[in-house]
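Multiple structures follow.
Consider the two complexes below, in which chain A is the common component and chain B and chain C are the respective partners.
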Partner chain A sequence: MSTTAVEVIYRGIFQRTMAKHITRGIVLAARKEGKVGIAFGRYGDSPERNGIPAKQFAIVAANDEELQGSIAKYEPTEVDVTIAVDDALCKGVESWAWYGLQPVNKLLKENGTLIVTSTKSAEELIPHIHKKDVAYNLAIIKGKASFSGLWVYKNDHTDMRMLGALPRVAPHLFGSPALEAAIREEWKDDLKVASAEKSFERVQIRKVKPDEGSPEIPFSFTMPGWKSMEEGLVVRAIPLGGHFEGYDGGYRPERNPYFKKFTTRTMRPVVDFAKCTKCTLCWLQCPDSCFDVTPDGYYDANMEACCGCGVCEAVCPVDKCVTMVNETQFEDNKSQWEMWTKDKNGYAGWLAKKIEHRPERSHGFHHRGQYEGEKIEQID
Partner chain B sequence: MAAQATGAAAAKAPPTSKSDDQEMLISGCEAIAHACRLADIDVVTAYPIRPYDTVMQMVSKMIADGDLDAEYIVAESEHSQFEIVKHASAVGARVFAGSSGVGWFYAFEALAVTAGLRLPVVAMVGNRALDDPGAFGTEHNDALAVRDLGWMLTWVETAQEAMDNALIAFRVAEDPHVFLPCAVSVDGAFLTHSQHLVKVPSREKVNQFLKPYNRGNKLLHPDNPITIAPQVNEDWLIEIRKQNDEAMKRARGVIAEAYKDFNRIFGRNYSPFLEEYMTDDADVVLVGQGTLAMPVKVTVRKLREQGKKVGFVRLKWFRPFPTEEIQQSLKRFKAVGVIDRDYSFGSPYSGGVLYTEIRSALYDLPNRPLLHGFICGLGGREVTIEGVTEMSEILLKSAKSGKLEKQVAWIGVRE
Partner chain C sequence: MTAQANALEIQKLDAFKGVKKVTIEEYFTSGHRTCQGCESALVMKLMVKASGPRTIVLGSTGCMYVANTTYYTTPWVVPWMHTQLGSSGSAALGTAAGLKVLMRKGKMKKEPINVIAFCGDGGGVDMGLSAISATLMHPQYNLLILCYDNESYANTDIQVSGASPWGANTTFSPPGKKYRIMHTRWKKNVAGMLAAGHPGCRYVATVCASYALDMMNKVRKALSIGGPTFIHSFDPCPKGWDYDPMYSHELGELAIEAGIFPLYEVEDMKLKFYGKTKKIVEGRLKRKPVRDYLLRQGRFAHFTDEDTDYFQKKTDEMWEKWILPGVIPLRPEDGA
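Here is the complex of A and B:
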């Protein structure tokens, strides 16, 4: 056995404790079978802020010497299993230093497994996931994304359910008895053991063929050498923007092509332009300056720039004019205003369907009792 | 405002017949202030600490007297002092700030980023022992602490050289091939508070030597929209360090060029990196920086009278370190003694910083001289003729026997 690597992709802060439980659980379970391992995370400035995709890893090896090659590294070059604890991450991640959108399955080995928590089916998720030139497995654990905070942990067993699926999808990591022994020792909770067992039985696995998935080509660029980089830590400003392409007026600011941030989004605003009074509040208040000013004076949230914070929905004074919708309902970042301009009736129908999917997820922990109303059916 | 016949003006003496230089009786600090005036600095920051603080006093007087037009900002700490000049430098101002001892250390974060950002801040360090215990005397560990950060560092021997090197510092720091900060180190008390006769040149001459600071397309200005100092990570930082390293390497050539012009314009005869004193036929030499050159030169002459072939090499630039010049010079002697007015606790041979650096610079020579380190004059204690004689005798003994007496010796410390 060489090393086995597992990557956990999670939303910064909200899911950090959970990601840590998963990677710890992996190493502790493997230890029960006499193996060794390490668990580590990529820390940084941006990646640990609210909602921003971040990563933690667990590496398991037969002995210390085999493990050494995986120590003092930021990321393994390939992984046997990728775990995404929010299905919106299937669209891709910018986990570190914002080098553009990267496929969620980028590090996955041939015939490796991507495990996702989702209430959606594999058929619904696969169109979001970038194509890979080798086959892999998609394993779905039914459930919505579990979000907590920096100071609180929502102990809903999502972590145990992720661990429970591992003996099914990667039996060479560890078997169920080892995992159960580890959970019992570390968390001292038989209910958690039961959650892991159930997950082992219920996880749904489907092969994904090389031609399946989103055809989008991920962003890439070459890093300059010291001779070509500008000296003095100078970064040239993004040029000013201009008119809407194909129109006389409007203003669309030029945006940094290297810094998109939209993988932070778990929900996005949709705007009912028919209701909009052009009051400018969304445009003024958006913390990311996402709104393009349309030639006819509306405000169009640019989905290349929006991080999904929900401020525009909160400040819009018109009832049901801006609505936040689950990000997984969308397959592209197209302009809503352009869609509306071309076909107002078509847009109204599209909008009505989208706003059925108001987010059942919660960004962070706000108050005591927040989660009490949540129904167990949603996860089981 | 016309200059009045007080203070600076009163110190002015009639011009000498040969040149339009004015001879003035001024301290090392005041000489640096005159360099600021002659360089026509735009922004200066002040926060008092002995012994550098005479500079800020003198510069404020020059502004009050109408001899200098500059923004004079009294900061609430050394940290702010150096942050302010860093920012001013980014927007194209020629800047100056100074400090001493632990004050300089309080500015450390700002000092590190100034070099990292390639901003040509010129500073004076009035060398002072680091507290605690509280002490005012000269010791070089304060300025030396920035040696690994990308600051250029120069030490001076006289008030004349303090003024001249400050002008050279502006020229080298602001050269677009360099764009690195430079600190001029001036020994506390012996130079900061000691008035020497100094030839002060005219602004016209200085203007020939020192062109206006031009940051080019790195200027932080609304018409040139840029960001500086972004957050970077491991994918970028090593390339940035490499760029700064190349700038520091280029500084050697720029310094040599600046001295050539300086000598031509001001009629001086400086060699850029080293001053050699009675070394032509010397068997052994002492090496050191700053004002200790004075008692050493006196001692060398005395020993020469006794037929002892002793010489002295004064190092003028510590960063960039003149490795080749040091190798070419020191390989000619049988034994060399490095005098450190600083110390590096726990260093490879329990020696001073200069000793450790010179030892490293000589490593590749096929025939290295025997190398001694002398710790002397810490905390501002005088370096005496007796002390230098003791060092010289140790060197002569080593040279004769061909073997090292003792790697490092503390001179003048009470047992």
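Here is the complex of A and C:
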């Protein structure tokens, strides 16, 4: 072993403090074993935006020279452990324009480990994760994704549970005694130590073979260098957009082709067109202009553009017309309106099933005392 | 106005009569890297929806520059150009003047083109205020300056600006154990100041995108009235205010209903309240307690009852003691 790299993929702002605790905890624990390390956020993610996938890294080495050799990098080219603190990230990561859809396991070394917090099983998650040509391990820590906001942190020990799994999946990083000493010293909380210990015992690890996973070829781009840019750094405007293909009416805006933003979604809206009164509010109030106006005057949330903020559900005046449901319940980004026009009864059945997966939202601060209630549930 | 004789023709933009009449086309489209539930991105979308395709947009540095146009891509359908943090006013004036000269010299087809410059509260309320003020003094140019106010320097991760509310948690004012309230200044009253002090400016309005139709119609009025105009938009920011992005719309409404941000327009120095604010002024609607608004946000999570009471007292003063409620804080000596 020369150096060991761990990346934490998380939801911008919502999980920033948690990611910091994880990467910091890794370095502090490694130091307890006489190693050296550094924790840092990826420069390009700053300024972070709510929900947009971001990364932080922890690099651990045996000595200063080895560490120096690995840190003068913007982003490591390969990692030993990838930690994804929201299972919706398994579908891929698109952090900014030109980045493309990057598989969650992209940087993972052969026989490295991907740790995910999820209430789902490995069999349910693997179909979402892109295939890799080498084998790796999938470790699952049972639990909901933990979201909070910029100022008030939900101290539900998810960070400690992630740390606790590391001595199991990557024993060369540090052992449990070092981690416990580091947690005790940094956070001065025995309950946190207990959370890490429990996670060490409970984490479920499964080998993922090279032929397992989603066969989708993720979209990618070639980023233009300054030589291919136009004089004056002119960026061509987006064309106006027009009718639905194959129809006389409707309107579908053209969209920025180089940043689709849909990996920001942890939940997606499903629309009950039978209830829709065509009031326009979802379409008008959507900050991402993700609603296409259909030829028959409905508003169809385009899943290549929707970032899952939930404003449409909040402004919709009709009960259960727009409902936000868990993103991991979906395999594709197909048009709901097309599905509905083809088979209205079939759509109603599909919709009823999807709406069952309507979780409590905890993206950011709602009211005082909210996090205290949720904390108990996660710690158990 | 004599200066108008000298001015170019203006686009005639009548108010949209109902949401069904709103332009279907998007001139600011998807693929911007803003937060989930970003109200300022919504303001951009509605602003150009209202102004239409023959519009040039200039944007000073801030979220709506950095997040929207990430590395050689754009969500803009209309022409857009970045300008420096403090220069939304100068950029608007220069562009309007440039268009005028090019058309006069026959180098461009003569047609009315809307010029809009936007700035955040950092760029407008703090840094660019002098340039905006100067621009509003030039009645012979048609332009609109729109300030999207999310109450902090949100792009660089939430530092205090002149528009940040009293007591808010920001990177520059984290509440501590010894000192709970680290930001002790009251929000700058920028729309009132600009409306009162610029005789050449025919139109100043405050808007909130939670009331999208009103907001768009104010933009249309500002663009078609002639001369330089100013709009102050109140934008809930899920990142800096720390709330669930799905409630952007609701928090905008709450701020108006609590009387924290009044909605009004000043046309040729005549003040007109509108929407919920009008009902509050006329006594037909009781202001909601500011508490309902404050305690929904993580940036005020450290507030004690004493703090919310103080916030309420200062808000009450706006309505009960100001010479023009919510607009001009001057008051006669004996009413102080």
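Simple rule for what comes next: the second predicted complex is superposed on the first by the 359 of 380 C-alpha atoms of A that agree within 3 Å, B and C clash if a C-alpha of one lies under 4 Å from a C-alpha of the other, contacts with A are read in each partner's own complex, and residues count from 1 in each chain.
The rule we apply is simple: a contact is a pair of C-beta atoms (placed from the backbone, for glycine too) under 8 Å apart; a residue touches a chain by one contact, two chains touch by 3 or more.
Please read these numbers as outputs of a predicted model, since none were measured by experiment.
**Q** Taking the superposition on A as described, I'd like to know which of chain B and chain C A:V315 touches: first, second, both or neither.
**A** The second partner, chain C, only.
**Q** A:G149 contacts which: chain B (first), chain C (second), both, neither?
**A** Second partner only, chain C.
**Q** Give the label of whichever partner, chain B or chain C, reaches more residues of chain A.
**A** Tallying touched residues of chain A, the top partner is C.
**Q** Does chain B (first) or chain C (second) touch A:P224, or do both, or does neither?
**A** So A:P224 meets both chain B and chain C here.
**Q** Could you tell me if A:G232 is touching chain B, chain C, both of them or neither one (first, second, both, neither)?
**A** After superposing on A, A:G232 lies in contact with chain B but is clear of chain C.
**Q** For A:T264, select first, second, both or neither according to whether it touches chain B, chain C, the two together, or no partner.
**A** second
**Q** After the superposition on A, what does A:V293 contact: first (chain B), second (chain C), both or neither?
**A** Only chain C; A:V293 stays clear of chain B.
**Q** Who does A:M339 touch here: chain B (first), chain C (second), both, or neither?
**A** neither
**Q** In the overlay, answer first, second, both or neither for which of chain B and chain C A:Y74 touches.
**A** The answer is first: A:Y74 touches chain B but not chain C.
**Q** Does any part of chain A touch chain B in one structure and chain C in the other, and if so which residues?
**A** After superposing on chain A, chain A residues 96-97, 223-224, 229, 233, 235-237 contact both chain B and chain C.
**Q** For a test of understanding, state which residues of chain B touch chain A in their complex under the given definition.
**A** 116-118, 179, 217-218, 225-236, 239-240, 242-243, 246-247
**Q** So in the complex, which bits of chain A are touching chain C?
**A** Counting only chain A, the residues touching chain C are 12-13, 46-52, 96-98, 149-152, 223-224, 229, 233, 235-241, 251, 253-261, 264, 279-281, 284-290, 293, 302, 305, 307-311, 313-315, 324, 361-368.
**Q** Once bound in the complex, which stretches of chain A touch chain B?
**A** 44-45, 74, 96-97, 223-226, 229, 231-237
**Q** Give the list of chain C residues in touch with chain A in this complex.
**A** For this pair, the touching residues of chain C are 19-20, 22, 24-39, 41-42, 45-46, 53, 63, 66-67, 69-80, 155-158, 169, 209, 212, 238-240, 242-250, 295-299, 301.
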